[in-house]
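Chain lettering (A, B, C, D and E) follows the sequence in which the chains are written, and residue indices restart at 1 in each chain.
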Amino acid sequence: MFATIKNRFATTDIEVKREDLYKVVVQRDAIFELIFMLREQYDYQTLNAITCCDWIEEEHFAITYILTTSDRKQSFMVQTMIGREDAQIDSLTHTFEQAEIMERDLHEMYGIDFPGNQNLVELSLENWVHTPPLRREFDTLEFVNNNLSFREGRDGNMDVKKEMKRLRALKKAQKAAAKKAKEEASEVSDGN
Amino acid sequence: MDEGFLKEQQVMESDLNSETSHKSSVDFLMDWFRRRSIFVLAYGTGCGAIEMPPTFTSRYDAERLGIRGAATPRQADVIIVSGYCSYKTLRRIIRTYEQMANPKYILALGSCTVNGGMYWDSYNTIKRLEDYLPVDMYVNGCMPRPESILEGFMALQKEIGDGKISSWQKYEDNYAFYRKNQEAVLGQTVAPAYDADWYLYDGGL
Amino acid sequence: METNKHITIFHGPQHPGITGNMSVELDLIGETIQKATTHVGYLHRGFEKLVERRTVIQAFTIVCRICVPEPDPNEANFAMAVEELAGIEVSERVKYIRVMVLELSRLASQCMWLAGQSGSIGLYAVGQWAIADRDLILDLFEELTGGRVYHMYIYPGGVRRDLPDGFLRRLEKVLNHFKKRLKEYDNIFINNASFKSRAIGVGIVSPEECIKNGYVGQVLRGCGIEADVRKDAPYLVYDQLDFEVPTAQGGDVYARALVRRAEMDQSIHILEQVIDKMPEGEIMVKMPTHRKFKLPKNDTWVKVESSRGEFAYYMAGDGSEKIRRMQVRGPSLVHAFTLLEDLLVGAELSDVALIMNSLGICPPEIER
Amino acid sequence: MIILDLALMLITAYFVGFIYYGLYRNITARFQRRIGPTIFQSFYDSIKFFGKKEAISHGWMFYLGPIIMATGAIMTLFFIPFFYQSESFSGLSGYGNLFLVLYLMLLGPLGNAMGVGVGGNPFGVMGVTRGLTRLFALELPFYIAVVAIMSISQSADIATIAGSQTTINAFAHPLLFIAALFSFVAMMGQSPFDVVGAPVEVYSGPASEFSGKFLSLLMSQSAIFSFAKLVLMVNLFLGGADGFFELLWKTFVLFLFVIAFGAIYGRFKTPQSVDFLIKVPTVIAIVGLIFATAWGN
Amino acid sequence: MKWSIDISGTLSPLGILAAMMQKPNTIAYPAVKKETAVGYRGFHTNLLVDCIGCANCQDVCMNDAIDMIKTDKEYNVKNSSQCIPRIDYGRCCWCSLCTDVCPPDSLKLDEEYLGVTQYASDFLYMPKDK
């Protein structure tokens, strides 16, 4: 199987993660061909999940399709990269009915468009107008600080590192002062 | 610095200073019945709902204390906000609360209703329930054990029996404040307003 | 005047017959359902975002909240994914303890199902007994982990506490109690004529659909397909334990009930073996502090068998102390949408709660 | 004096009905292995609801529903004598017979249907539809059994029927009794025929939209009506009663049977319960009728 | 409608009635209190003679629930910051990570767990000194 995939899709990137889990990374235009091939020839009948991972530094999303054989003993992760701007990839709904809901989820969380999926409406959020929340540039704490308020009354919190430093300095100063005072005292006594 | 809950002492003192309310004997009798019969709306709004079955079924049997479930908001006295509250749920809770008949009470479970709890930095949950609805009793825990929930109910019953709770009145009086907060997180979709005439129809024939 | 016949109602989120905080929009003629649309999102907290903000060790405390009735498969999945990425090997004792926790939680979750399923036909006595029996397991959990519902026990690299003295004996006592009780449940619920008359022939799924659409758990097994992650891709020490995968024919609500009931027996059987075989050993490998524990740039897909079917995590690390991406794929995701919307068409309003309970739909794991 | 008699009947039925409901909750709790509430719990609930304010209005038709229902229940009660010999607690039974009682028993549900229909709550409407469907199904075996009893006693007067039983009808004509019992379980809204207010299906059915005083009224009428139905069954099949003690233990035994039956079996769907009621009890009732007319007297 | 007579299915659930004679499962809570298991994760305690004010607990807390505040009580001489933790129970999830990382093992969770109040501002908790 690996040889066929390597020849056909010109990739060397097949990993055996566990004995029951393989992973391959292919070009974006070849991914559906690979999925269909796995489905037709190697009995990967079930689409388990579609996941997405935001690699903002490399400016792409890694979309992973996880397929499982009909006896559920082997899984195959088929990964491809799509650009972050205007992210879109064709829908799999025509082949797998359950892809609809997974794509709907990703559409909502990452803003990826799936042409061919008829039902890309909101799933978990309601009236959401901000950046899709799972994109890396969306900062949830900043969003919370802008839109909601926490309970007041938690004053008195100290920055412990600073406080330690300050106390140490204080102690040093005290010690120095004490020393000085002692010296002065001794000087005075000497003077006397 | 005192140990334990910090404000507890202060609250107890303030209770002593407050004026004792003058109740007519009918009110007194009514409160007596109210505290013995509490219908809880069957709405599991958050994770706390998982400790409700043990509370209401045979292990802890809340019905001993006159607490039982009610199917519809029209017949319920208490709505339990069990933990975190996403925007989508908050809208339903507000709607449900407003449909309940007076007098009505809110019991809030867990850390999340107080100051965000473990979802304090989540973009989809509210942090302080009291901004949106008047809360009568908070129960500590994540999740509160059934004993804690019962304790919360008993505290609520005591307050009801003393006739001290009038949070629904507070909600009507300060509706503008609550409405403003609700609109701040939910946008204009909270409607219809609570003072729409079909809500405040008072009494039957 | 065709349109006047239709009523659109929302079954939920505030409804006694819904399994958690979700809703199903039903389009009815009379009481027969023409179209069903599932709505979720009432419990969306953005776990996948919150996990990205926290270090791995901090994130461990939050994952158990993903599925409320059954938190332990989440912890196990999380720990297994982290261990696989970081290359940590745990001891035999830890594996046995984890199996014990997972099976106990499966038993507790099936009790919850028993209560829901019997409540959906108005047999409240069964539910009341079952929840009280579930509490016995929660008491064990309280002793073992320090928490009733959220255990936060299966730590990446081990488990957090060792077994208390005499714990296994008390576990055995609870199991014996359960064996006695399960016979009663057979008599009063599984074998009850009124349950049979309601459940047989309702909510039928065909085996072909199951494979194609990725249904898992009791839905598959109720169609006679022997599918169980514990057998197909054994994790922890399930390959050293002797148990069967119960199946039933028919693919209806009753078949799924039979499967679940048989699984309770198997869980007890597994737990008894665990009690006998529990080895000695370390309960935790040495872990660095939470700021120093880093995951390499790699990704993986791990799965365990929860009480409702395959529960899987996708996890990717990026070389820092934080998780890059964690995606939860619970059994309910496909069940609540593709399957439920299919099954409800043509069913009656009375069947909604029955079907939902038999699928074991748990909304917090759908929307996370 | 008849006014006093009626008032006493009403008060008795009200309190006994509520205590029976309290006992019902308590005994059900015992089946469920828990302690359960006090026996006055239903009474507390009812009074509490009386002190609540309605939050919503659907116009006067909506409120007429519970009132007609309560009227139906009270009128039914007035035409059923508690004791077969005594002058007191006989109410208006001298002025009407069993036919009138059977008619009055139908009045309440129909009135309620009207009120709920105006409310416009889809669950309420569904509950009422279910209720009426079940009502017409349960009437068939019940009427056959009652007609048989009337023909045996050669009278339509309830006191006469109660007094004329040498062996009580439940033992003399067991088939008729069994048929009537099935109907009676359905009439009391017990499982497996509790389709009307099935919480996991239609919230609380017809009562979904009611709150406050009108819910309190509905609870009171249900307590009174239940007691009236129990007394009717005791009069028809269990030989009636001669004093309060006999009346209470006979009604309680009957009530206990209904509770136990409800605890054992789960709920049927509406078509299933209709199917069951018009097949099994009806056939039993017809066989019983044939036996009674062939060998009776 | 298809149905058959199922005698065993009709008779076997009669077992429910036997429960009438058995002891109820109920723990009558306010009168009978169940012992909490040893090691239950309840409220925090902090032994001040051991606490060194290192703020490890604050650092590991993902809920931002712990404030280090100045204390006027007698504290450990090694407490170099003179601060002790105060916990916001509007944030805490009792995960007990803070007690795991405590170097002198002074911060602990004990078996108490009851806290009911009308006022949300009550939820700041000063661990008991034991």
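As a convention for this text, a residue touches a chain if its C-beta (ideal position, glycine included) is under 8 Å from a C-beta of that chain, and two chains touch if they have at least 3 such contacts.
The structure displayed is predicted, hence computed values, not measured ones.
Shared contact partners of subunit D and subunit E, listed by label: B, C.
With contact taken as defined at the outset, subunit A and subunit D are each touched by B, C, E.
Without subunit B, contacts among the remaining chains keep them together as one piece.
In terms of the distance between Cα centroids, subunit E is separated most widely from D. In terms of the distance between Cα centroids, subunit A is separated most widely from D.
Chains joined by the most contact pairs: B-E. Centrality annotation: C (chain centre taken as mean Cα position, compared with the mean over all protein Cα atoms). Annotation: 22 Å between the Cα-based centres of subunit B and subunit E. Distance between chain centres (mean CA atoms), subunit B to subunit D: 37 Å. If you average the CA atoms of subunit C and of subunit D, the two centres end up 44 Å from each other.
Residues of subunit C in contact with at least two other chains: 15-16, 41, 44, 46, 49-50, 53, 61-62, 125, 128-129, 132, 150, 188, 192-194, 197.
Touching two or more other chains at once are residues 42, 57-59, 61, 64, 71, 88, 114-116, 118, 120-124, 128, 142, 145 of subunit B. Contacts with at least two other chains are made by residues 124-126, 133, 138, 140-141, 151 of subunit A.
Interchain contacts (touch definition given at top) occur between A-B, A-C, A-E, B-C, B-D, B-E, C-D, C-E, D-E.
Within the complex formed with subunit A, the residues of subunit E that make contact are 53-55, 58, 67-70, 80-83, 86, 88, 90, 120-121, 123-124.
Touching subunit A in their complex are the following residues of subunit B: 87-88, 91, 114-116, 120-124, 126-128, 131, 184-187, 189. Partner subunit E is touched in their complex by these residues of subunit B: 1-8, 11, 58-61, 64, 111, 113-118, 120-121, 128-130, 135-142, 145-148, 150-152, 154-155, 159.
By the touch criterion stated above, subunit A contacts subunit E in their complex at residues 151, 153-154, 156-158, 160-161, 163-164, 167-168. Of all the residues in subunit A, the ones that touch subunit C in their complex are 17-18, 20-21, 23, 45-49, 51-55, 62, 64, 66, 68, 70-73, 75, 77, 96-98, 100-102, 109, 122-126, 133-134, 136, 138, 140-141.
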